[in-house]
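Can you keep this structure in mind? I'll have questions shortly.
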């Protein structure tokens, strides 16, 4: 079987069109990971690009080498390529690919470690908005300990300001994920995990859960709406004035796994709700802050 | 060949150094040569027993008397426990004996490494949660 | 190239349990099993280490739960049984069937005393409603110590079957190998207990 | 009585197709019983198979079970893909979808890949190291029967009681009684636990077999690569399974006896399960893939007619992978907030594994360099492995880069990655092994022409199925989603992916047909060395006699058989008619099979919390253990006359 020219050209065209197709569709808006809308997602995408590019290089290198080997050393009559059945060792070659893999791993490792530490810290200069997130069977409950309002299945945040999400769960684990703002973090019962995200510009960013949590898992979606700070403040004031408070009976309805609710907004929430699921400890909206808020919000 | 460390009371039951095991070449079988030792009176066992009781008493006494700050105290009694374990392995479990005892030492060493790593890493992972500062 | 196969004449110098190549494989295999079992206990220790302060809403803390009196007794009983088990192997290596059986029987009795004390201790806890329903700490405590206890119980049953076999067949390649394996198991349990004693009971009193 | 029935057959909506499948299973069983009875084959089945301790028979039983399970897991996969084919689809009820992805993952990992690996161990290793059997033949049989017990129990959940539905990882607290009251999760826990005991026993067995039962002259550095990878796989099993045992046992205690390990009250800590599970789970990935690396090394060297390139480097990289694989488990939960120190440490350790793996890939390519590459189906699978696995490895590095994983975790990018590794690595490698060793096992080749159809359908189907899933990951689709709305851009990749899955399914059908066809018409292997092989198994007749080697070979080089052929020394494997010695072989035992029965009863009782049944089964297990220890007659001799007759009929007698 001799390689035929037309077949090669055909393959070439196929690969080219595949590549172009990927590139074109890659720019489509549906590739949410490639369209970061905040510093966290941006930083993460940077590493994805870096590792992806290096890995693509390795993949192509291996594919090309394999293709060359298969063409050159096929067992067919008249193959003029050398045959050396005892050739099993070449220090230079082996050192070369040891060095190559090591170099690539080092190149990826350094920014990985840097970014892991960097993303763990809130940017120092800005004062964050704190939002307590509770994953319920099959809803998302958002509580604003500073503003003392609550929303269900959607969350409004100010843009240009870091937002500290304090994540916990009332029931099985979920993950809190807003792909365009940044990577995910688990919501676990009995634990509070911090995650900070920031939207650079206003917009609607869909979020969802990445950890299967039971029959209604498919409903674990929410929208993040980022608006400028003044609009956010107006919204908070409006909610505090116009909406109903989240009563305990509302809350009990929320935690019932059989009841599905549409997005909702509450002017306040029982102070005990969030601590109840986390044994009285949160990172920022801890008991002290919450009590302070409670006093500040009390009609004098 | 098992080397005697106990003078004339020890009867070494051994195989000549080039005693083959039927596996591997000469280099390998030098490590894997069978080795055994047995004495005429169970001195080793008796001493081991006394030592184990003493170590236990030490650990117990140290805890009851609270002779050190807690962190050091725990380190100390853990050290004593490791001594105890080595004692059991060496004296009673004849760790170095057997046909091809290298393999049991390798397996056990790996298991101990994995076990310690498992415990320490689990504590590290599970009790240290990041806080956003 | 031609590596000679082991001549049987040399094998006679070995302890009986190692003389048959086939039987000695089982001893090495048992070491591998012990490695696995060691990791099983490591996992249990890891869980205990993380859980020891997770006493729930109303559960007792380690310091409140533990009584060192019975624990000391258990420790001494098990250490002594380890010693007697070592003597059994010593007797076996000197081809003394009677001594082997006697020391093995003593080992069984001491093991039974250990298990009885532990069960008594557990029953005491349960009488005070300190069951593992109460907290994660209690769950991990009972599981770790109970797993060790059930290992010891299994060892006792094993040793009983060995006694019957020794009485019936005497010291053969097979029975000595079995006694040797049992001894490895028993000393291994002793090591685990030393760590339970240290990490669970003594540390529980410190922290 | 009605109470019991309600527990065995809980009132759930049974759709017609389910009923059809259930009736089909029952009818198949009845049919099998009928055939065995009418042909009077029960005695044969009992003597030759159920009580056999012969590693060859056990290997074949593993192989058959694995192919059956591949079918079951594959059907699950196709149903999952059908459900996801178009947006807003409701072909399957949501509950059943949850059961499907759970059983798909669990079966493929524990009841397909593991037994297929053990099949390869059993069918190749004793031959390759020049041994007559494994170190502990009876334990080997017991391993198989424990696996079979786990598999039977797990598959029974489909018929009786209900299947588990919390994913193959089964994270609590979703699996706790409070959120998952049915018996499905009990099935998961018991089935994997019982099969896991069998796996540990296999690990012990092959560790000792390889360490101690090698033919004279076969030093560690003369072992075939597959023997090396099997050795470290066995060690990995020993070290990796205990944490799983503990995690499963604790979940079981939580569910059945009310302890508080992973509950959300009383201080329970669900994350501890995740920690323990992946302490097992990550090494498990290497348990699954290392044997394939070994098979691949054998196959590539054989079909390149060349020595394996960089053998020493390969050995060291295998050992490095083994060691590192214990230090990377946290990368499965970077997103659980263990802190930057933990994440950075485990991120770097994860990426370090890429170095030895990369070395291996280059070594394989350079094994073919200066060789003469033939491409029978076995080699095709091996060749398909390189480009596929390198993509899986590369995306693995992308996932190992911690902050990248924050975005990829549990998304379809991850799904595509691990299918790339597990299918491209494990399954391709094992299929290469199946095609490579099939003639040795059964005495005939699988049809090459049909094999090519199988290969190309499966290979192309694989790429069509999983490449769109990388795209889906970038589109933010997460795993285990029952359905999805249109407008997110997910529809077309999902449709393509489903088409690919059905292509793979078609390939599997060709494979099954090919087995049936080759059984009747396949090329018989009379030489025992159909591929011009390099290692000792090809010095034996196909299929080998019960005692494997009439004469234990003495090894002087790495590719022992190749070397013998090169030096025209092949006659040394033949035994002289005069000096045939009796051979001691392990005797069949009914204990392993009875162990299966006892464990099954125990497991069944535990699943349904019918304690007296469980106690009965448990007592049975103990009784069998005791019976085993009193059974001294575990060996029998094969008479020299028998050996002379067998060897003579194979034309393998000297003089």
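Which chain is which? They are A, B, C and D, in the order written, and residues in each are numbered from 1.
Everything that follows uses one rule, which is that a residue touches a chain if its C-beta (ideal position, glycine included) is under 8 Å from a C-beta of that chain, and two chains touch if they have at least 3 such contacts.
For clarity, every value in this text was computed on a predicted model and none was experimentally measured.
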item: From subunit C, the most remote chain by mean C-alpha position; value: A
item: Comparison of A-D and C-D by number of C-beta pairs in contact, larger one; value: A-D
item: Computed distance of Cα centres, subunit B from subunit A, in Å; value: 47
item: Distance between the centres, which are taken as Cα means, of subunit D and subunit C, whole angstrom; value: 33
item: Multi-partner residues of subunit A (at least 2 other chains); value: 120, 191, 193-194
item: Junction residues of subunit C, two or more chains touched; value: 3-5, 28, 32, 35-36, 39, 42-43, 46-47, 50
item: Junction residues of subunit B, two or more chains touched; value: 22, 24-25, 100, 103, 107, 110-111, 114, 118, 122, 126, 129-130
item: Residue ranges of subunit C in contact with subunit D within the complex; value: 1-5, 25-26, 28-29, 32-33, 35-37, 39-40, 42-44, 46-47, 50-51, 54-57, 59, 132-140, 142-143, 157-158, 161, 165, 169, 174, 178
item: Subunit D residues within the subunit B interface of the complex; value: 207, 211-214, 216-220, 235, 238-239, 243, 269, 271-272, 275-276, 279, 326-327, 330, 337-342
item: Contact footprint of subunit C on subunit D as seen in their complex; value: 135-136, 200, 203-205, 207-208, 211-213, 216-217, 238-239, 241-243, 245-247, 249-250, 253-254, 257-261, 263, 265-269, 272, 275-276, 279, 554, 556, 622, 626, 629-630, 632
item: Subunit B-facing residues of subunit C, complex; value: 3-6, 10, 13-15, 18, 21, 24, 27-28, 31-32, 34-36, 38-39, 41-43, 45-47, 49-50, 68, 72, 75-76, 79-80, 82-83, 85-87, 89-90, 93-94, 183-184, 187-188, 190-191, 194-195, 197-199, 202-203, 205-207
item: Touch list for subunit B against partner subunit C, complex; value: 13-16, 19-22, 24-25, 34, 36, 38, 42, 45-46, 48-49, 52-53, 56, 59-60, 63-64, 66, 70, 73-74, 77-78, 80-81, 84-85, 88-89, 91-94, 98-100, 103-104, 107-108, 110-112, 114-116, 118-119, 122-123, 126-127
